[in-house]
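Every chain is named by a letter (A, B, C and D) in the order it is written, and numbering of its residues begins at 1.
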């Protein structure tokens, strides 16, 4: 029996380890949003939000402190931070399209072996949304997907070929799930880390394409 | 013997009569610049300058009052004015290219019968300049050219075909010179006004293409 | 004298015709949506509208549920009306949107109409919508963006390579009218925004034949710092001030 | 910790290589030109530069004449060095400029070099230069502008019709480095400008691999209002402060 699955905050924490000092990072809606809370004090990481914020602070949970005029792309109120800048939507995407985003963290319904991203139509729905995710997937220097490793029926979400229409082809660099960290490389998918209590074989069993197990396979660090 | 030729300020005054309340106007370097002084007090006309000013005031002649951080496209200091806005160069030309300029007043070396404008290479020079004039010529809703009617050798500057390379084809709507006001129409050039003391024939003699004399031919009003 | 202030929302939206293409700002939060202009448009009953926006809106029913049954850190004021109001009233024929679908199993009014075949959807990413709108304001007819190559978005569109990378040809998105919300205005139509409410509001200003701004406050000419004005008044044709007390959408004002 | 402030102008321009393509701001007045960065570039002696700018500059001789013999409402400070300095020193191979020629019978240093065949000129209107630079910052590879169709500017370029009007295909203008001048900066590289000195300075920020800003003053992080910052620091890689007292261009600093 495999170990427990990580919760969303732990997935976010693992993704946030990729952020380096001085980077500009965009966090998608859902799991990625939580990354903002896992920046070590010795790093300055700036966050970009599609609606035109650069360098905002934490997500505000107290309605008393919330300012409707300072929201992130998920329409959550955020706190201001020294050095923050506000731009309009066109300039916000000049930032994205111009390649100024170092890391984009997005959710996904499926990721293919080649790094194709499918996150615009929710399985079972007819109508999809693109939001700012397509621009981010095409234009960020590095794309990290955070998601559960399998769907509600326990079917793999890392697949040979996406079954729903893709948002962007060959764009994902790293996949962080509730049981593994998988890197998309030219050689194929490399299993870099497994969640505590999980083996490479157990992760492979829940993954459609073949995983290349890294010789330095580690346990997902949660600090 | 024909009457006297108008001075530059009088040419500017005649061009400025075209400005209507609420219009956005760009004034080129040279004669057009003087138009800014001829706005009647009952009209609000906003001036645009290529370097990113909208709604600036008068040109400053006193070095004591000049602010190097508030200059027009001719690098002359101007005064601020309530309602003025400062934008960057890209937005300044978004204004021009987007068709937001009601009237552009430019100088010219030659204007053809069809309204072709030649003002980018000074006769006798090898190297020319485009400045912002080409965008203005292509994109302003109305283009007025102010110039002397003839060159220094008294040769017509309103010609059948421009002898130097053109800045923009079929763009000039109105030509205001030191002896006449000529409208470019689909039927050809219409002589609308002559300077005091000048006859239509005398103006025609200094104009290469045939002028259609307007049935309402007037004397150039200098008030 | 230049004076772009109009007295009523009904006057502000006057002249918008059946079949018009409208750029309607808003992002998704309570503060950046031109609710009173949307309400005035709902009152006209004008149909066959094509609307360019971020989302298709929540509409009145969902908004009521969000207000009363869902815990939310941000509260939506009683006079928050979004694009969903026009959708519910059958005024839309087409939406050019980035976020038409609700997250999760629920369906927005717009989604339902798409599923019923009553409304056409053109799904476009935010960057391409924003750039297309900016292009309209800036007199650019079309542009090449890397976004969307090799996906459903590229269907029927030109793909072209520049410096070894593939780009998609996308067109300017010009509207008959832009409906936006701003913070302060002067009589020239110069505008400032508040915080993240700048978003599509500033982008859409100047990208339509007529730009109509719903503002919190009109100040004296000269009170806005020339360096801090975000939208030059030359991009704005009409300005109308929001009421101090919330008003129901269906009451003429 | 993010800190983009560098201590010297020599350090600020370090890494700019022979044959580089540079976007150098300035419009024509005394206040909006990154003079000390230009001076530092002159000191490096780096050659074969392609420079994108508004004009080719006056250079030292003309500037001296303007200062001493011509009456001017605006005075050019003794530490005003423009692109002409690099032209005079033979560092340019090509200029992509809107205003290379002086008005009147005089010739600028750039003009003379073009006439001698020592320097290549690509004459481009200000709107197309500004839009090309903005496109580079914004990740747009190319765009269709109405400006220039049917003129010498259109030679060899694609013309295409959209909605019955002809447009010219123009490309993004990306630099290896942008040299700009701003007013205030913080350690993130966020910038504000003064008045009309915004011009090409704000446009060029972020349009090159490296953007280097020469500023009047560095302020504490948080001192600049988020709504009033014109250039987000993410577009800026290096910031250097102008000296309080004018310094000669040829003295390392």
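By our rule, contacts are C-beta pairs under 8 Å (C-beta built on N, C-alpha and C of every residue); 3 or more make two chains touch, one makes a residue touch a chain.
Please read all numbers here as calculations on a predicted model, not as lab measurements.
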item	value
Neighbouring chains common to subunit B and subunit D, by label	C
A-D against A-C, pair bridged by the larger set of C-beta contacts	A-C
Farthest-lying chain, centroid of Cα atoms versus that of subunit B	A
Subunit C and subunit D, separation of their C-alpha mean positions in angstrom	36
Centre-to-centre distance between subunit B and subunit A (centres being mean Cα positions), rounded to whole Å	56
Separation of mean Cα positions, subunit D and subunit A [Å, integer]	38
Geometric centre distance via CA averages, subunit C-subunit A, whole Å	28
Contacts with two or more other chains, residues of subunit D listed in rising order	131, 134, 138-140, 145-146, 195, 198, 226-227
Overlap residues in subunit B, where contacts from two or more other chains coincide	86-87, 93-94, 96-97, 139
Touching pairs among all chains present in the structure	A-C, A-D, B-C, B-D, C-D
Subunit D-facing residues of subunit B, complex	29, 49-53, 60-63, 66-72, 75-77, 86-90, 92-94, 96-97, 120-122, 124-135, 138-139, 165-169
Sites on subunit D touched by subunit C in the complex	131, 135, 138-146, 160, 162-163, 165, 167, 171, 192-193, 195, 198, 226-228
Of all residues in subunit C, those that touch subunit A in their complex	27-32, 55, 73-75, 98-101, 103-105, 107, 110-111, 114-115, 121, 123-128, 130-131, 133-134, 145-153, 194-203, 230
Residues of subunit B touching subunit C in the complex	21-22, 24, 44, 46, 48, 54-55, 80, 82-87, 93-100, 139
Subunit D residues touching subunit A - in the complex, by the definition given at the top	1-2, 134, 136-140, 186-188, 190, 206, 220-222, 224, 226-227, 229, 232-235
